[in-house]
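Common to both upcoming complexes is chain A, partnered first by chain B, then by chain C.
Let's turn to the complex of A and B:
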């Protein structure tokens, strides 16, 4: 168990360093100069003012230092939780802006992931080797997974929001309300949450169902299933064993899918103008606010790493082979 | 990245357990047979499999439309061709946008970008993933350790996020460049799956024989190892193809798409940006998403069919 987790930790540590380095490096390969752009936006004509503004911004963002020092400073700032200053919402610190948006993203992502995982696996397990359910579930599942996240979001927004008018289609809460701890606000929050959640949930659902169906079929063909069947064990029991074994690759799959689902959450939020990280990414791109963009995405990367680590710990709890040092999960 | 790694599709799980759906054919069935000897048999079963036929017809139909469609159109995708916000009619089969652009012309042009992204992105990812998988699995030892570490690192990094940064900063604004970057971040699961299959092939007698006869590593991989998993490699490519299309659509939708070409993701971006939802212009935002869904869905279903073709065990079901 120790070896397994140590290996995983090494991979995540390395990934973190690579991700941070990429995040630092790519903007510096960019043609053009953010400082110039910001000074241009201020629309001052006086050359002396321009010079002093340029100097101020360069000092604030640390662009006048040698490149290796910029890199080290980046790391130092990162460990202080300092992700820089937003240009778009100047002078709000990026970390503050990001932290305000995180609850919304987590609020739709976590329920969508967990529910789709549970429901999808149950449906897939039922569909395996049951002819008529399989014939319905399989094509539907494949079509749902093939849907671009934003398209399903657009369809739901149009159908349930605009055409039927059941749910609001934009924002995290009504623009007329002030965030506060009241029932009416909570209800409003919930109403705005339904459609983004639903579209994320539905796209993820198909994938789990299909994966589980395929795995169960594979498990039902294995020796232990045949042996149990030969002993005269009831079908239900065999399926239970098959399900438990099929869950292991599905948990690994959950870790692998996190990045994908997260990308889906980002574009879904954009469709619904939901005030989470996705909308921040969009605003940052539209306003050329590179500090905000970098900070948001770095936060996302860290989130994915942490979630991966949690899933690994769950895996250790679920799969006894990893604990005894046998070949369980491949790291 | 939106479904760049289609867990849904058979094959992802195969990284852990070859055989889930599609991997068995690579090793178990054709293990000792001469490659190419059963091509006729494969074709025979492929042409009798409804899933393969349906999937193929839909994909090829869209491909044909994208290839020859523009020749028959009166308007270019961005031309202000007709009355604004017109519903579908004989002149404009998919209606027009808020600015009077022909949605059908945009759709047909978008299909081209979609197939190009799929082909290039899927191709790049397949080449990288298979090369790393073959070398790591065959050589073993330190090289395997290093390549495995690299694979795991890229696997955990959310590729879509890195793609956003790259596109936003470096201004990737052409379809081929976009496809290249997508390919660079979607190969890890392929490398893993190919590695594990190569590992189990490595100790077979015919590989030993090839090694004894003194041919180089590259030749052994190309002539002895790869042919035994052609079917699996082909199905992997199909999944990568679909995944690249979905990732590209998401990037385009965020506004990081090509500036010199039309794409289906860009159409959805513009439709949402110019409030097609609130104006009820359903003909603007339904075709692009439906096109992507049908193409990628057909690819997935075709893969299930191909799996049955390559793997006789599944055929009898």
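Let's turn to the complex of A and C:
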């Protein structure tokens, strides 16, 4: 187990370095100059003022240095927890801006992932034993899982927001309210949360249900299930074993799906103008805010890496076959 | 009489009609008897073995009865059969290598299975450990996962597990087929020992390999295309078979001492008939050297000498 952990940590460490490097590089390859933009925003005409302002901004953001030094500074700042200063929201530090957005994204993603995983797997397992449920769950599952996130989000916004008027369609809370620890604000927050959460939840749900249904049918026809049945084991025990074994590929699936779900969360936030990381990415791109974009994507990368790492560990704990591969089989 | 099977018919439902895999078989297995069933692929021997313990979803019980220790088994009623499974009838499946849940420790799996039969694991554990010892396994296999065991070890664990509640009848389907010769011998010996110790009262050993039956079986039943061909003590089947199919089957085995450079090992020409629409009369007649007019009528399975039954017009 120790060797396995060390190997995994090394792989994840390398992935992190590559991701951070790309993350630093990509905004610099984008067209446009953020400093020019800031100077233009100040609407000054005097050439000398423009020159001194440009110089000031470039020095502030460290853009006057050679490119390799910018890269090293970026790493050094990273370890100090300093992600730079936002261009768009100057002079707010990027880390503050990002940290304010993270709870919103996690707030829709974590419940959506966990609930869809639990509910989807349960529905799939039930569908495998009930013809009626199978005939309903399967087509519906295929339909919702094939929908692009933003399209479903727009449908929900139109249906529940505009047509029925049950839920607000934009923002993290009402524009007229100020964030505070009161029940009315919490309720408002919850109302704004429902639709973005629902669109993520529904798309993921269908995939889990279909996957679980197929896996459990396969497991129920496997040799160990037949043997148990021949030895008079009750259906409950056989299903319990089948469900447990069918969960293993689903856990792998969860690791693979995380990136996709995150991508979905980002576009969903944009549809609902939800103040999470997705909306931040869009604003950062629109405003050519290198530092904000870098900072946001860095959080995304770290989130996916940490989640995958956790799943890797969980998998080893639940599947003995992977474990023997680590210690060397004894027979 | 441990087991009495009377005119048992079990068919497979398929889209093209019913496959009459087991089409009226009648035989008895005595207490303490190990009966071997031999026959080529598709003759109905596995169907017979499965029919006695658990019909799969495609199989249907068309007719006939099975009586085990004076109790008629409710073959067609899956829920009612559950009472007899494991305690009365048990099975060593064809797929013993993959018969155990790969993600549960073997001991844990046995505990779960016993709990389902209202048996306390702790009570059975000393006996379980003793029997593992009998087949040459350490007791720590209970703490292992199936993948940590070799094929022969898994086969022996399944043997011990399947017979743990001392069933009246054990069905062993191709028990030795996937093993190398030395493991084959160990498993064959264990089967006989388990009968001798009284762990199982009687046994049906299904195999395509007659030479294995010669080592373990008291009697051998030869099947052909869903019908019985011949049943006799193992020695008689090997040394003095009567049915032409049995003769040809035995003739196809190599003998120790014979050299097969000069002479060719004989096979049996042709193929068994389709069981979708089996021909009337004797099903072997298309391949039979002794065929004559009478064979258009199905021959009865008649006793020609004590304990020797044959279904052939030419013999009886």
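What to note about this one:
Throughout what follows, the second predicted complex is superposed on the first by the 306 of 331 C-alpha atoms of A that agree within 3 Å, B and C clash if a C-alpha of one lies under 4 Å from a C-alpha of the other, contacts with A are read in each partner's own complex, and residues count from 1 in each chain.
As a working rule, contacts are C-beta pairs under 8 Å (C-beta built on N, C-alpha and C of every residue); 3 or more make two chains touch, one makes a residue touch a chain.
Quantities reported herein were computed from a predicted structural model and do not represent experimental measurements.
After superposition on the shared chain, chain A has more residues touched by B, the comparison being chain B against chain C. Judged by the touch definition given at the top, the superposed model places A:241 against chain C, while chain B stays out of reach.
Using the contact criterion defined above for the overlaid structures, shared-chain residue A:321 touches chain C, although it does not reach chain B.
In the overlay built on the shared chain, the residue A:96 is in contact with neither chain B nor chain C. In the superposition on chain A, contact of A:228 is made with chain C only, not with chain B. In the superposition on chain A, A:22 contacts chain B only, with no contact to chain C. Touch criterion met: A:290 reaches chain B, while chain C stays clear of it.
Judged by the document's definition of touching, chain A residues 248, 329-331 lie at the interface with chain B and also at the interface with chain C. Chain A makes touch with chain C in their complex at residues 222-224, 226-234, 237, 241, 244-245, 248, 318-321, 324, 329-331. Those residues of chain B lying in contact with chain A across their complex are 1-10, 12-13, 16-17, 19-21, 149, 152-153, 155-162, 164-166, 168-171, 189, 192, 196, 242, 246-247, 249-250, 253-256, 265, 268, 271-272, 277-278, 280, 282, 285-286, 288-290, 292-297, 299-301, 304, 313.
The touching residues of chain A, counted against chain B in their complex, run 11-12, 14-15, 18-19, 22-23, 26-27, 29-31, 138-139, 141-143, 145-152, 154-155, 157-158, 161-163, 169, 203, 206-208, 210-211, 214-215, 217-218, 221, 248-250, 252-253, 256-260, 262-264, 266-267, 270-271, 281-282, 285-286, 290, 293-294, 297, 300-301, 304-305, 308, 329-331. Taken together, the chain C residues at the contact with chain A in this complex read 53-54, 56, 81-87, 90-91, 93, 95, 98-105, 112-113, 116-117, 145, 147-150, 153, 158, 162.
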